[in-house]
Every structure is written in structure tokens, then in C-alpha cells.
């Protein structure tokens, strides 16, 4: 067993030539669209993150994501005594790895101002250094010149909004009026802001969900407590950088984190129906018939408010099959509210099991 | 459930004010000594690592370590276009966090040369920049002037020793003769070198075990496959920087990784007996008596070569109790070889269950 | 790799000669007493359980228990068309296995009547068949003749008490008056009854916690959601059948399930202090000192209601070390309420970190 | 928090009205056939098992199986002092539960004789008691009268074949000649017998894989070490009792356990190609192109013996995506041997990645 030579104890899961295995994320495509799993808010050592840009691509690959943006702060660079300020560095460094791992790398930066207007990400830019100007409206103008998608980050963050309630200030209304605001974070890390649903529906903005990670994804979203980081699901015509961009400006997104989906009903409804399938009733007795509901997605669904005589609530755990007993007395369609699919500030998705 | 305000979904395991929980590592103290769990070989963005120095302290805290050294390469700084060369930077940056988390931070650097002599860590230094000189013997001299502990890293690394066999070249013999070499890595990440046991015993050097991590500890040593990173166990008079230093120069160490312990019999033997306790025989029948062996450590032990009529092999899994049937015919003491406690190149520890 | 012969793929965890490994349950002894981990309420195929009696001993061994009672229903034997009624069968069958695995097997049965008085276990009996008589008071008398410990099971079970509130009926008061009732279940499977604390304190009865398992322990209490079944902790003078009996009649118990401990303050308080140790303050700055609190038990503790300027709440997860920042302004003792140690119907344990 | 009433601590995973969630087993259908997951060898308290028949259905439901047979020993009933001999009892008891959980329950029994002929299961019978006759050939005749499928169990079991090598004795040849033998176990619990492939191919018998479980499936095949029990995959025209029977007599099976598939190439090859999909090459550089191989099944595949310049070996872990670098120098088709798909005693499946 023991010899004079070096002995590799066991194959390591993380091979020396790459980032290891890529996870299959079970989130279905919508008819006509491919579902891209994205995180548009990430930091590195080039602002206040603790990790090198290449690692962000490795994490995205392993997590089964399709696209990420590294969005270091323009105005906050606390490591500058050791790491000189360079707003395009993370993008330059991560690019070739993204290409080799088939990750769509969106060039981005975080415009980091007091509230209002708060923090905003400029995505799909070409040169972040051109945004390093004083006046906040000049920054946006520089971003828009680069055809940026502007995303308002964590609008109810308590460090900037002590009551936790997102507010549309004049500057936000001005941005919206000019077409300079395109999406708002509903989820940012473990926070979410129900009012964002109202803003997005009223002004036709994309509902976003991102990790805003400063550390290491696998430590901050650790299994078994966490099975996924916050993701924006984008429904694109194909899996390319430009199709992703088109879909985001068109607002075809859902926000996803843990066991919650949030977004417009027009995307949430087909998403739900693509996730589940209802089997034919079998066996049963005088009182009940039985049927199996298969949920092939990573999202559990909690159905509540069943019609009279039907089960008042049904849980459909992720990636499993649930057997439901249906009383022979039920005559109306099996409608339910899906407690964890949020389609409005005070509204959840209504579905029917057929 | 949904309100206008920001909602924190759940308490995150990793609180914003700290590094979360500290693991209890079950490795016993030896009579007269406290067992310090240490990793003396770690990289950051200041050489070819992917992580910020403060994160190394956070990892050590969570893993239940007592001491670490960050040992960025002196001569290999591939990120220098973005992160200017600064040999003391990691030490400067990590220091205050180490103090607040009660981690002993050993100042170190990796002298990175072709074989011979290969890579060596200088530990317990004061200023790494003084070691950035050309001639390799000058580097050692500069280190020794700072009273450094010199550790030979991965002596059988195939990139430097294609046959994987560590060799004592003239330069190593010269260093040993001058008292300029104090320890050798038996474990480096997933490699181990049995011949190191021979060198260490012959020249009275400390047997070392380190991760040499460039990435993220929790990803490279992922549960359940891995329960621990490679550690050097140091038997110190107390838990202080100076007592640690004294113990290492005195060679009071064991190397530990996965389920293997390696080192001198004088430390390995009491270590084993501190880990286990043997209960009183109970019940039984005409043929057998039963007894329970409790292993309160994180190290499983594999006992082989039992005496006639005794169980030929006994596994004592970590942190559990094993019931052993002992034939009434056994008359000699219950001696065993512990297959996974290596005390020499071709030698394992012999123990007795009493 | 493939040969003509049978090939055992891998060592199976569950060896053919035994029940595998025994878990170490980290629950400390009290000064002067050994802490016995017990489950006094279990069913088998001899009433309405689904498992053979020997399996109950195997489960207890693996779970690290010290004692169990198999308590099949006297009056409810739904499998009798296939398994003839035999009230002592489970006891007879399990006995020799219990002896060989060093498990204290308490002879018991469940007296299964409508409420009042509901279900009661007779423990420490010699012959269950003598209890198969009609009148309920005759059953108790027969049990008491055998010096039984009588335990009232799930007193607030909704099938018998639709409002879920346990009530002391005349028959209970009569039993108490005669000294024929000795303990009440606070925990029964996943239910608990706060009012039981009041009854037990008023009439000096033992607080009990049992699984009442009908199926398979490892499936009904599955990791990681569950780390333990409900257990009664009994503080006995030694680990013997008779010492266990003495301790139970003396009421020296705590009820334990998941992360909750319930029982008298005189046992709960020393139990808490045996679980934790507080380290010396270290480092710190002008504002704070730091100290580490080590919890070596399997029970997490949730400390709330801290004194002014101290952390208002501290979580001490099981088997880990928690670092606490203490403001230099704190002058009073660090007192807390332990939210998950219940010492009365509306009362939790008060402790001090010193 | 604490009230007078009973409090259910948390929703239990195992609801009181059923067997909880049903697992999705990711094993694809073959073109024209549905893949039924089956275990045709299980014991209960009616022979030497430790569990009640209903529990076998519950286990099958949770494990995502389609069909099981309970096959208690005809001639070995060690619990008969407590559980009277009744060869049809398990079948009678389990039937209604099987119907309500949509599990196909195959009526069976184990004919338990010395070698030769050893143990055989008679499956798809109507009345096991008619098989309780003395002469072994009379037993088979009685089974065949009931149109039984006869399966030879664990033919190389060391208790009956000390050298572990299965042998075709005269009695086996006689059975085969009469058409009275229809399948042989390749896997039985953790044992497998390579020579069974030769017998099955020569005499056109079905390759079988079963657990032969006597205890509890979830304890004997515990995650994470085990992700599945041994199963026979049957390729049936539809998911019915009769279609299952037809497929088995036609020999359309594969044996499956842990990470090994065994059976005829005509089923193994389309099974492999249904499991994986190969993506379009992307990115790459002058030296390599990259492509992703998606394995949507629960079976990992280990590809070895790659053509020159291609990767010599590729691991395709279960339910994940593997990125492969293909040198631009490769011109021949990407053929591999699949090390863990056994198609003959000394033969594995050859495949091509296209």
C-alpha cells in the first residue's frame, strides 16, 4: 500500500483541468422560448468582493446558469490600496473562461449612489470606465449611450430606506419617463420587496432576482438549506448574448429564489403548467379516486384554497410525484391558488389541475 | 404575508456580522499538551490564489483551526497586472480579523524554486519582502535571520519530480546540516509521500500536513466526501503564537488528512489512546463476551492483524461506539495494527485494547 | 474485474452479524447521576405496529439509547387473524437480543381505553396477560400488584380530546390519590402538551417523552430534518434496570425531542450548565470584548431577553462554538431566558453566562 | 407560543394518511416500451423478514417502483410459533394498499431448497399453498400449472455454492429443457454473478436484479452511500400486470443496482442512448473544441478506451452535464466502452458519442 512514490489518495471531485460537473437545473422552457438562468449582480476583489473574477464563471458553470454579469461598484473600491481601481478588469479577466465554459458573460457595473436614486446596475455596456463621472444623470446618459439595460438594485434596502419600503422618487420617475429604467430587483440575496411587482406592472419593467454576492456562492447558499441562489429566469428566443438582451428589454422574466417564483401572470402561468403533469385517475373506492401529480421542476408548489370537497391544500414537492385523493363528490374544476407564485403585490397565481 | 416592506426570508446561516459558527474538531489533547489544528500553506490573490486574505481567516475559524499561515509565492505572481506585487500584503490585511476571531496568524511566504531544492515555506517571519533576493541560499539566509521555520513543500510533486519520489539532494543535505530545514510536508492536498517519514525520523524534522489551497476550502474539501482539510496537529504547551513556534521547532506534530494520521510513534500512540476508550465486557454467552469500544474522535481507526481467536479486524468509525464480540478462547492481550496510523515508511502503529 | 464467482460490491454498512454502528448521543450526565436515554412507548406486529420486536432493539442500539419498552396494546390487536394475540410475545422475542446489545428492555404494555382515562402504559411488569381483564380499575390494580410504573400517554390526543387540552378527570385524580399514576407524556411523537408541566409539578409526577412508534424509527424521524426521536432522559444512579426504575419513580426525568427540553428546573438547570462552557474573553477593541461559548451537546440553545447593552439574543447551535461580542458597557451579569428549555406551562429556564 | 392545547411541532414528512412522497426515478423508456422498475424478491414476517407486508408496498411507492413481488419462503418459517404458517397471507394483506397506491403487486413465493436446484421464486401465481408439496419437481409442476414465471435466485450464494460460482446442474438443464425456467438473478442484494450473463444469453432467459430484502429497504440501502435498491427494469408495452408478465416471459429486462446495468446489448444500447444527449460543439481554440454531454438518468456512465487523441476516459455523472474537450486532431468517430454496462460475462457495451 505504501510506496516510495507520491500517492493520490482519491480522485478529487474538482478536477485540476476545470470546474467539475455542471448541475442540471430543472426549470422548463416556455413554448417558443428557452429559459435562461441568470445572475446579474456579482462582486469581486475589484470592488468589495472577496473572490477573483474567474471564480464567478466557475460558480455559474457548476450552478447550471446560462448568464452572469459581474457588477463591481463604480464608486466604492475599498481594496484600492492593494488592488488599483480598474472598472473593466473583472470583465477582461473573466472573458476567456466564460467562452470556454459556454457562459454568457454580460458586461456590467454597479452605479453606487445614495437614495434617491440608490444603486443601479448598468448591463450590456462596452466600457465601464466611461461611466466614472460625477453627476448621476451623466452616468445614466453614458450608460444609455452604450445601450445599457438599467436595473434598480434592492430598492427597499434598509441602509438606504430605513422603513424597508421602496419608493419611486422624482429621479426614478424621470428615468422611467426617458426610458432609462428597465428592470427592478424583486429578490436581492435573502430580501424581497413585494411593492416591486406593482412598479414593474405599472411601468412595464422586468422583474429581476439576483444574488448580489460578495463572498462565495456555495458558502452563502449552502445545501441542504439552500438549493439555489437567487436567479432571474429570462425567456429568450435562443441561448445567445443578443437574444438574452432582447428578452430582457421585452420584460420576459421571472424572479426565482428558494421556493418562490415572482413575476407577470403571462409568464408565471405557462411556467407552472410546464412544471407539472396530472396523471389519469386510478383505482379508488366509493368515496375517493386517486391521481398522481408529477412536478418535474426544482420548485415545490403549495396549492391552497381548494374548492369544496376537494383537498383544501396540496403540496407538490420539487422533483417528485404526489398522490392526491379526490372525493367523488367534487364536481367543479380543481382550482387552487399557488401560494408561492407571486403575480402581484397582494396576488398569487390561480391554476387548475386538469 | 406580503407587505410593502422588505422581508428577510429566513435567517441566513452566514450572518452579516461574522463568519457564522465554529466547528468543534474532535481531536484530543495529549497529556501535558494542547493539540493545535493548523494549516501552514495557503494562497490568495497576492500570488496565484483566487480569494482575498480575510477569507482565509474566516475559513479557518469555521473549520475549527487554531492557526494558519498565508504563504503566497515570492517568485510567482501571475495576477501582477491587476494586483501589484506586495509580499506582505496578505499578512497586513488578514491580521486584525485573525485577532478578532482568535486565530493565530503565522506570517509566512513560499520560496518557489525549481527542484532542487523545490518549494519551501518560510514561517514565523517578520518581513517577506526581505526574502525577495536572487540566490536561493541568500533567501534561506534572509529567512533564518528572521528566525524562520523552514518547511519543504510537496517534495514528490510530479511537476518537479516526474517519478513522484522525494529525493534528498545536496542542497537539502546542506540545509539540514546548517539547521536550516525544520519540517517536510507528508500530506500536501490529496498527495502524500511515505518516504517523508524516513527523512523526518532520520534528521529529526517535523512531519507536516497542509492544504496548499488556491481556491476555496469548502469547495475543494466538500462534505460528505471530505470532512476535513489536511491539517498539521501541533502539540503545544499552550494556545499561543510563541508556544506554537516552540512546539514546531521541537518537532511535536502529527500529519492528518481524511482518515489518515502520520507521524512519530511517541505522539501517535498517546493520540490513539486519548481517542478511544474500552468498556467493561457485558452479557455474552458461553462462546463470546461483548464489549464496546468508544471512539470519540473525528478519525476512524482500522484495526487489523488480531491475535488468534480474536476478531481479525475491527473498524472503529469516528464519533461512534463499536460492539466487539470476543471469543472466550482468547487468552493473549488484544493487540492490533492500526492500518491508518502511519509511523514509518513501511510501519503502522501497534496498539492494545485493554 | 469480472470473474466467474460471486462478487460482493462493497462492504455494506449494515453487517449481517449485527445492527451496525452505535451512535454517540451527546447529552451530558448530571453530577451524581448517569443520563439514560429511553423510549418507553413502542409498537410491533403484536398490536398495530409494522415491525418485528427484535427490530426495536436494533433501532435502540443504533440510536444510542439505553432503555426501551415495547408496549403493544392490550385491547387493540387488529392483526389477530394472522398473528394470534399474545401479550408477552414481543417481550419474550426481544429479550435475548437486548441482552447481547446491552439495551435495558423494560417489560410493558399499553392499557388502551376511551378517555377518561385514555391510554396508559404499565411499565416494569412481569406478565402482561394478567392485565387483560375487563374493568379498567381492575387492570390498574393488576399492574400495581406487579409494581408497575403507570404512565398516562398523549393526554391531549385529539382523537380522544377534540380540543387538544389534557384534562384531569375524576378517574385520574383517583389514580393519583392512590399513588397509581407516576408519569405523563409531555411529548408523544410530534405532539406536545404544555399543561402536562402543571400536572407533573402539582402531583410530583415524572415528565415523559416517547415516540409511540408504529412504523420504522429511521423513516419517521429522518435526517436531516430529524436528528433524534422523542426520548425520556432519566437520571439514574447507575446504568441498570433497577436503577432506572428507582429514578423514574423518583421523577428524575427530562423530556427531549428535536430542539426542546422540558422538565423540572432542578434537572433542567444543571443539564444546561453541563452542556455549555464559556471561554475566557479575548482580543476585542475599545467597544467590545469577544468570548466563545462551546455547546458540546446535541441540543441547540436559543438565549433571549439579554440585559441592556448585551446581545439581546444568542443562538448556541448543537456541537459547535459560538463567538459572542460583549460590549464594554455591560456591567450586570449576562442573564438570559433559554427559549427552548420549558420548565413550566408558561415558563422557561433562566440562566447566566459566566 | 405555549398554549393549553396540543401543538403539532412541524408538518411531518410522513403524513398520517399515507406513505409520503413518491420519488421520480430517472430511467428512460425505450422506443415502443415503458420502463417498469421492479423488485421481485422481498420477505415479511410470514417467513424470515422483519416487516409487515403493507410496509413493502409503502417502500415501493416511495422508491418510485412500478411492481413488486412478496416472496416469503415456502419451506422456511422460523416465526411460526408466533405467526402461523400462511403462504398467501402477505399477498392477501398487501393487495388493497397496492391498488390504492398504483403498485403492481405480483403474487409470488420462494421455493427454498438445497442446491441443486437452490432457491427459486415462482411469480405470477394464484395460490402459493398449492406449492407446499414435498418433491421439488412437483412444486415446479404446481407452479407451472399456475403459469408461473420461475426465477433462479442468487445462483452463486456461498452458503449453497462455497466457491461462489453458479453451476448449471442436471436439474437446471431439465427445467430449461421443459421451459420451466425463465429468469436468473444477476444481482441479489450486494452480490452479483457475471456467469449469469452467459446462462441467460445461451438459454434466452431474463436477466434479473432484486433486493431479497428481509429488513427495511431505507436502512439497508441508505443514502448517500446507496441511491437505489437492486431493480429489474422491464420493458413492457404498457404499465399493467399483464403487460409486465408478457415482457418478462419475452426476456425484455435489464438488471440495475448502484451504478451498474447488466443485460442484453439489444436493450442496453438503446437504454444508454436514451439516457444521454450530446450538445453542439462550442467555442474552443486552435487545439480543442468543447462539447457538453448531458446525462439525464440516475445512472452514471464511465466511458473508457477512447480513440487516439480523444480523451481516454470520460465520466458522465448521473443527472448532470459534463464538458468534454475534444482535440482538433481527432478524426475517427468518438467510440468508447461503457465500463459499467455489462453485456456479457467478459463484455461491456460499446457506444459512440455523436
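Going in written order, the chains are labelled A, B, C and D, and every chain counts its residues from 1.
Basically, contacts are C-beta pairs under 8 Å (C-beta built on N, C-alpha and C of every residue); 3 or more make two chains touch, one makes a residue touch a chain.
Predicted model only: the values in this text are computed from it and were never measured.
S.K.: Enter the minimum step count from subunit A to subunit C; a value of 1 means the two chains touch.
M.R.: Graph distance in the chain contact network comes out at 2.
S.K.: As a test of understanding: of all chains, whose mean C-alpha position lies farthest from that of subunit B?
M.R.: That would be chain D.
S.K.: In whole angstrom, how far does the Cα centroid of subunit A sit from the Cα centroid of subunit D?
M.R.: A distance of 40 Å separates the two centres.
S.K.: Distance-wise, how many Å sit between the C-alpha centres of subunit B and subunit D, to the nearest whole number?
M.R.: 44
S.K.: Show which residues of subunit D lie in contact with subunit A when the two form their complex.
M.R.: So the residues of subunit D touching subunit A come out as 17-18, 21-24, 61, 64, 99-102, 282-285, 290, 292, 294, 296, 317, 319-323, 325.
S.K.: Could you please specify the touching residues of subunit B with respect to subunit A in the complex?
M.R.: That would be residues 2-10, 12-14, 45-46, 49-52, 54-55, 79, 82-84, 86, 89, 93, 156-158, 161, 163-165, 190-195, 215-216, 218-220, 222, 225, 257-258, 260, 342, 345-346 of subunit B.
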